[in-house]
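Each of the two complexes below includes chain A, the first together with chain B, the second together with chain C.
Now for the complex of A and B:
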């Protein structure tokens, strides 16, 4: 017999976790949509955001840390700066080069980011300032509750997905981004500044991803290297939604979060309806990824590309 | 030069590293770069760099000598019995200073290296100990490569290794090559006859769980206990034996719960524990998922007590976030850093001297924690094995002899750092006494000892 309150709790946890993934997944989808690059450093960028707050807002590295909320704002600002810097220094060099080269660069960047954090903090968990941790939960209907960081993530993810959809649909810059995504060279011929376009995409992407990393850290009271692992999970989300679809990434991430939580609670251990075995919650989203790739290779909302041979 | 970064001791190692880095493909370059950055551990390296001068005393022993050690031994062994009695002994090291487990691997490695430097500085063994050591970044191929390097000329009698990855990969090899392998992989399986050269300096994982269970049975006999662990060989290691013992003690058992090593949320797991009415949750994992677990526990089910095994709790984690760690229980067979510093034993003296000599800070819990003590114990274990070998009139450069020396360790508290260790041919479990700790007022506090029976049917379980 499934207990309603527990089911609601698990569902809310899944949506909350999914919303955190959604922020990171939307950053991934945005870059793919505009540049065609699969950014394999996404998990590490989220970790940069998470540890950025530790760097600026605690005494772990700086002798005079910033106040907690200033550190939070400064980290997001630094995410924007990092996006601009990466585009200027790294990705601009690869415009017109095979996408595979850029993908390898993202792999290298992931290693560098990860190593840099290990250099500063070791591979240690680092606690957040108390102002940024939430001891309380928010009451919902029927006795269900949600962690505050999850609640913020849900709201923020909704805002971001709506804002990005409106941006792409109704602004000139959004149209330029779409044009560049559809055919980079044709857009250049028409006078579109590809550099600016790509810089903007990276900046928005890294800022969103950093916020996702920060919220993920807030949900467990501090930053740890486990955030890096989200790079794999969000891949399942964006493949489900469609690699180049931002709303698809959002929906995909929520589905992945739910699958993880349902898988862990209802398909393994003593609370299982069907006990498949330990760890099933972890592999369920990946099984789902496999099925999606077989049944619907372009995902729910992905653009089906037809190439002439 | 043995530096604080785990950099290689000899030029040959350095050259190999450069060539390897140049020759690797892009993916590997990424990893190398990460490793380099991590291994550089710059903050510390830099800070400790300031003590460059003081590093000489201890570090040089393992440094310039290390490259020559093998040659010396070859020459000595072949030609001159007197030299063989006084030449250096090699204790190699395979450490994780920058890999996935470096959060605890680094302080452990520093503890071992500093202790060996101390032995050399004080001529504790009566012979120099060469200590070539490398950072294998928790990558099995790297561990195997360093093993081959260490054994290419002549086998060192002892290698101080690290975790499950290297220990399991090398366990049959060290048995064939007759090299004593001391590591911090505490699987009870390593105590079986198939791995006669493996030694460790703690309760095995299952007995850590048993120590918690005994305490629970003694203090709360009606309690319900549950096991939470990652779905890996490491995670599952104490579960079967632990559950058997819980049943023997008459404790109620809840269904097992899985918590991945890379978990970012443990809400579902805590709800499972709550629904099963778990009073005490025994956690076999690493520190990062422990943090996630405690965070969720505080929100959802604060009434439950989490009892962590050795890798889940240390002073750094507790100090980082004392509120959520309050009431958490821990177990080891050795003392935590604060206890050691407050005692007057030879081990305390050594650790204090090492911290001062290397310019480390007593107030930096990233190094000054129980893992630094753990590393010191590894080195003292090696020292005791070598000393016993020499006392028995045998050649300490031979691994089979040193194994005999290890098995001669009896009721020895490792210079006051641990519960007394005894090894015998039929039973290489160092101790059956667990030291139980509880986080109280934001500090790990010693609570009680759990004396377990030395049952033969528990070997390997």
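Now for the complex of A and C:
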């Protein structure tokens, strides 16, 4: 029944998928950590990354598209520009306002982004340029293989999590970003510009989220609206990791990726041990989310508020 | 009171502009709430200035408009002017004032709770060219005045005791290398022994590091003891101001703030006195 090689294969692709989610989840956790905002547009921002490559690199909209890898680079640059622009135009207006207003704004932004993409491309699957679709798989030990997009995601996610951890732990700017998150005013009197803090957080977050979106699209050879749903799935990851913890988001995302792969292999369709029904793979992470919220509301590494009595 | 008079009362170098000068300042919050009215104040270089008065008198508001942090709370100077070392800085933001060397220690021991003591201190380095790296040597000045902190560097600041937290916020501000330090209620909620220690350290810092200070505190006696000059605020206005030593001898100060008046005063008398004072 449970064949070891198959199990290994599924585990590997679970980790790969998890690493993709991890990029998007870390983008989410970063914003929460620095600004206290739950970004409900995260799935749509990932989708902007995914469709950005379609926009720039295929003939879908432009008559003379860029070469595939130039389109890839340009899309990532676009993500950075989007981060700066959003801070300038939108989020700066909400400094000093309740965090809830910003959260609602992210909901609105999500709607705008997904509407805009639907307007440009329709709600259809759009294939990537052939240079960016890796049909190939990389061989691992014991007969297991990994999709190239997943392999890139795993490496990239590891680099991002390590870089962010080192940044927050060992630099003055990293410390001050965490400080500004706990007490904005007390950080301001130390010379922190809240505008710059927010701009930095959004820029990094949107850039890594867009990269996550691109890789997610690459793993299925093109961009589709299903990417929008990752905005919800990564919620399970981030809550499990503890919302404001970046390594937590990473680990949570890997767990969610594994759950989803196990769920869709062992609990649905022809390969199932127990056939629960189609789509159970996507449901499992969300069931997991419910359990986490009940059992461990601060997640694995979340900051429990220090209450003095 | 003119500058020349002020100089004769013991202030330093009269030709230099005062470090802080408030000229008939009116502060309005949220466009409607009048917090402070007609406040004039002068702070001479290297002095410790006491800002006294009951809760809600406007002490914090004045400090916040000097440090610029009040702007982020929708405070605005609607009349009069604030200058810093002769430069008009009315309604400047916190950023601009930090660049000029002002550090504000906010009321209520605002340590960054989730950060360790060491990381809290590190945040004090941020002003210095927005730096990225740090060096434990940079903390030397903090350990010089607060050696205790060196022993709890890895403790989460939220778990430090009240006294340690107060030391930490002052130390963090020192690492910031300010020229003017604004302290809002440094003695709040601390045991008398700790208050004495903190205030003694503040005097040392003032003398040795040549940092000008404005201290707003409810503990009028302690504050006046270490101050060179004092202002007493009430209802958003300055009621009295004098060199600290003279202020301490004033009957009304003894009565209301120091609690050392000879006769036991009754509430009715106080009210009567207040009314009389308003009209003179």
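One rule holds for everything that comes next: the second predicted complex is superposed on the first by the 292 of 309 C-alpha atoms of A that agree within 3 Å, B and C clash if a C-alpha of one lies under 4 Å from a C-alpha of the other, contacts with A are read in each partner's own complex, and residues count from 1 in each chain.
Everything that follows uses one rule, which is that a residue touches a chain if its C-beta (ideal position, glycine included) is under 8 Å from a C-beta of that chain, and two chains touch if they have at least 3 such contacts.
Please read these numbers as outputs of a predicted model, since none were measured by experiment.
Enquirer: In the overlay, work out which of chain B or chain C sits against more residues of chain A.
Expert: Result: the larger residue contact count on chain A belongs to B.
Enquirer: Can A:98 be said to touch chain B (first), chain C (second), both, or neither?
Expert: neither
Enquirer: On the A-aligned overlay, A:190 touches which partner chain: chain B = first, chain C = second, or both, or neither?
Expert: second
Enquirer: Given the touch rule stated above, what does A:171 touch, chain B (first), chain C (second), both, or neither?
Expert: The answer is second: A:171 touches chain C but not chain B.
Enquirer: Please identify the positions on chain A that touch both chain B and chain C, taking each partner from its own complex.
Expert: none
Enquirer: Can you tell me which positions in chain A touch chain C when the two form their complex?
Expert: Contacts found on chain A: 95-96, 171-173, 175-176, 178-179, 182-194, 303, 306, 308.
Enquirer: Please give the residue numbers of chain B that touch chain A in the complex, ascending.
Expert: Residues 26-27, 29-31, 33-38, 40-43, 98-103, 106, 231, 254-258, 260-265, 267-269, 271-272, 275-276, 287-289, 291-292, 295-296, 298-299, 316-317, 320-321, 323-324, 366.
Enquirer: Considering the complex alone, what residue numbers of chain A touch chain B?
Expert: Residues 6, 9-10, 13, 17, 20, 61, 104, 107-108, 110-112, 114-116, 118-120, 122-127, 135, 137, 147, 216, 219-222, 224-230, 261, 264-265, 268-271, 278-279, 281-282 of chain A touch chain B in their complex.
Enquirer: Considering the complex alone, what residue numbers of chain C touch chain A?
Expert: These residues of chain C touch chain A: 67, 69, 72-74, 94-95, 98-99, 103-106, 110-115, 119-120, 122-127, 130-134, 156, 158-159, 172, 176.
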